[in-house]
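Sharing a structure below in structure tokens format, with a few things to ask.
Labels run A, B, C, D, E and F following the written order; every chain starts at residue 1.
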Amino acid sequence: MGIGSAQYSHTLENPFTAGERYLMISRSLRDDGVRDFSIVPIVDINRYAVWVSHVVSFVPTFQVVYSNNPLTRRLFSEAGFEVRASPMFNREIYSGTEIRRRMMAGESWNDLVPKAVVEVVHEIDGEERMRDLSSHSPSGRSEDDPVEGSGEEP
Amino acid sequence: MGIGSAQYSHTLENPFTAGERYLMISRSLRDDGVRDFSIVPIVDINRYAVWVSHVVSFVPTFQVVYSNNPLTRRLFSEAGFEVRASPMFNREIYSGTEIRRRMMAGESWNDLVPKAVVEVVHEIDGEERMRDLSSHSPSGRSEDDPVEGSGEEP
Amino acid sequence: MGIGSAQYSHTLENPFTAGERYLMISRSLRDDGVRDFSIVPIVDINRYAVWVSHVVSFVPTFQVVYSNNPLTRRLFSEAGFEVRASPMFNREIYSGTEIRRRMMAGESWNDLVPKAVVEVVHEIDGEERMRDLSSHSPSGRSEDDPVEGSGEEP
Amino acid sequence: MGIGSAQYSHTLENPFTAGERYLMISRSLRDDGVRDFSIVPIVDINRYAVWVSHVVSFVPTFQVVYSNNPLTRRLFSEAGFEVRASPMFNREIYSGTEIRRRMMAGESWNDLVPKAVVEVVHEIDGEERMRDLSSHSPSGRSEDDPVEGSGEEP
Amino acid sequence: MGIGSAQYSHTLENPFTAGERYLMISRSLRDDGVRDFSIVPIVDINRYAVWVSHVVSFVPTFQVVYSNNPLTRRLFSEAGFEVRASPMFNREIYSGTEIRRRMMAGESWNDLVPKAVVEVVHEIDGEERMRDLSSHSPSGRSEDDPVEGSGEEP
Amino acid sequence: MGIGSAQYSHTLENPFTAGERYLMISRSLRDDGVRDFSIVPIVDINRYAVWVSHVVSFVPTFQVVYSNNPLTRRLFSEAGFEVRASPMFNREIYSGTEIRRRMMAGESWNDLVPKAVVEVVHEIDGEERMRDLSSHSPSGRSEDDPVEGSGEEP
């Protein structure tokens, strides 16, 4: 199982580090009695023409790809892999976007994820991190300054 | 002649690899009887202060730059190059954006490009690739998941 | 004092190089009689989990961080630094966004920045650069072409 | 457990991809009855000042570092981690350098590694790959040409 | 035809930019009456597991690879390409290493390369560049200083 | 004044971070009564064709380059800058290589550098760091293991 965009953390889209996400997945699987799995963080490379080779080089051998993402499906198909759809349930609610929205809004989200995920988020103080990331200081962003940079970094 | 953003492919903006674009251009020029040309793929470096040096180091010597892009014109002018405008004809229709839109919509686009481009797109199954890239699975994006990344990569 | 996004220049958000921004800051401080300061350009690395280490490695030792940016505050707090707010005055007007807007619009902006900044901008012909960056050629962008790249680079 | 230099493969020092190494380790551990482990490929970043943060962000939380490498020990100590030595047995023979040397020389190496490693190397045709990497064409390297590059890439 | 290590120049191994090398090759081929060729600069990526995809994405479609380099041959074979040896003549003399050595030593090298290469080297003042790169100031390297960097950059 | 190879630290060649080196230089200059100076850390980019633009973009405007390094001199000359030699005194002893050698060997080095450098090295416990970096565990490097990476990272 790949953890995508592994280089990101502390953003609204990817609030948790790859290591924290690794822990959420592995504990959840172990709680369910699953033992034989491989989890691999995959950093983005932003070049789709080499992306399949990139993934292949980081993960143990595999034959079938499960994905519902059109681009992922297209790229692995072009490379000759068998691609299957993964089943999904009630995607309006069981979605990362919805869960992250609830975390930031202080609404209940515990029921939507495995118990191990709740534990990990609490251990790393994840709710407070998400609220901090979404907060805005009253007088604007500090880097909004004519002589300092105002790019994507904090 | 430079092929910009050469590292990209399989996106809605840059659906084709640099090699595929190279083939489209070189075949079209040869069909028109042009023989003495140089085509050079140029990867982005996202640092405009060194961008001119970057381009200069990858292409054979040149004296004049043809471009209608204000930033390109500005950067080459600051570096002391002569910059000229390139003539354009009916830009509403003969535009990459319009042609890619037609490809995805299944509308006719063959008349807007040289015959060699039509051939290459067919050889690489380009229309199907574009439709795949623009399609969306009914139940949402697969990476929209609290424990997987949800960044820019597929 | 860090100069963020130091790799950027010639964009509407970061029109000036890190070296030009360095000069604006150092001259302004010297005009005010400040002598003991350190200015350090910091390039983005787009990975918040290592961002604090990245900054720490480029600047002389420090104990306290002054910032009003929630993410900056969060990251340095997680790393154990003391974080304080920096005072701000009339942020509607004394803001980089507003000053850059005025430069492009040809409105008066000299009163909003230290005298040394006005001098540096004039020396590097900064107003003309900003107007060039914001201008658009009448018939569209030159890279909007089916066989050339259309990414972020000029 | 981290897999270092995860970006490398097909070199004499790192002949196997991170995914292949992942498989060797996970199968060996499972054969020994170990179930609760985490394996994480770590790509090099070549900046020691941010290296600890880099590792920390990719792996699940940990308190103790086991390493005999002086630099690894130094970096984690500076960052406040507890560092312990890992026991080693007969390092003249149970060493990667020795095992890779034997593979290339066609000497026996199976007894020096877990059975699962032997299996994986056979499945991926690893011995032939190593012999190919170490072979030299009789008439020299093909890139040794005045008008082609002669850098590190093949 | 690929120009490898395209990012390098001004080193003893790769004294010329990719653009200068492009010009040497294209002029030589045109002088010999060859018209239908493609030259593509390829920057190193230092990750052999994705190197074939990288090359494939930058060059027009091809079926056969000509190379005498064991690693190049191995990588393209693993990826399913047909690989053939390229003929070589008197490699002791017609070698880039020998020609660069002669340039630096001020010995005769013109007879070993096509006439177009001699012209390009003269146009870009290449002999003087090579002698400068190989010279050493009498009192040592300036960056050999306890408080300045002493890495690979000049 | 540029601090080269600013991304490195904790190596035998570049034991100190760019920030630590910044502090050594700035304190030494202030001790000598120098006030109007600019210190700029410059990270390597390993592409000499764009290196001058890279440096120019990070430092305040300058007209003259002082360097005894042949490559630095060549690159700035090609770019049209005036290049002058910097005076050097007794390079056998006042050399970074010699001073780092003495630090590791536990020999006296304090007399060879400004007093401020001695202070900074003591504050950051620099001698112990250097001895740690140069030490070797008795039984070899820990990463020398068939299933772990054995690249350049610790």
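We adopt the following convention: a residue touches a chain if its C-beta (ideal position, glycine included) is under 8 Å from a C-beta of that chain, and two chains touch if they have at least 3 such contacts.
Just so you know, these numbers come straight off a predicted model, no measurement behind them.
Novice: What chains touch subunit B and also subunit F?
Specialist: Both-contact set = C, E.
Novice: Just send me the rotation angle from a CA overlay of subunit D on subunit E, rounded to the nearest 5 degrees.
Specialist: Rounded to 5 degrees, the superposing rotation is 120 degrees.
Novice: Among C-D, E-F or A-D, which pair gives essentially the same interface as B-F, with more than half of the residue-number contact pairs in common?
Specialist: Comparing each option in C-D, E-F or A-D with B-F, the repeat is C-D.
Novice: Would you kindly tell me how far, in whole Å, the mean C-alpha position of subunit C lies from that of subunit A?
Specialist: A distance of 30 Å separates the two centres.
Novice: Using the average of all C-alpha atoms in each chain as its centre, how far is it in Å between subunit B and subunit E?
Specialist: 27
Novice: Any idea how many Å lie between the Cα centroids of subunit A and subunit E?
Specialist: Chain centroid spacing, subunit A to subunit E, equals 42 Å.
Novice: Would you give the residues of subunit B that are in contact with at least 2 other chains, written as numbers and ranges?
Specialist: Those would be 6, 8-9, 17-18, 47, 49, 56-57.
Novice: Which label fits the chain touch graph of this model best, line, ring, star, complete or other?
Specialist: Per interface graph, the chains form some other shape.
Novice: Which chains touch which?
Specialist: Going through each pair of chains, those in contact are A-B, A-C, A-D, A-E, B-C, B-E, B-F, C-D, C-F, D-E, D-F, E-F.
Novice: Can you check the complex and tell me which residues of subunit B touch subunit F?
Specialist: Spelled out, the residues of subunit B in touch with subunit F are 47, 49-50, 52-54, 56-57.
Novice: Which residues of subunit C touch subunit B in their complex?
Specialist: 7-11, 17, 129, 132-133, 135-137, 139-154
Novice: Which bits of subunit D are touching subunit A when the two form their complex?
Specialist: Answer in residue numbers: 6, 9, 17-20, 22-23, 26, 30, 35-36, 38-41, 43, 56-61, 123-124.
Novice: Hey, which residues of subunit E end up touching subunit D in the complex?
Specialist: For this pair, the touching residues of subunit E are 2-6, 8, 13-14, 18, 21, 24-25, 28, 42, 44-49, 51, 67-75, 78, 85-86, 88, 91, 95-97, 99-100, 112-113, 117.
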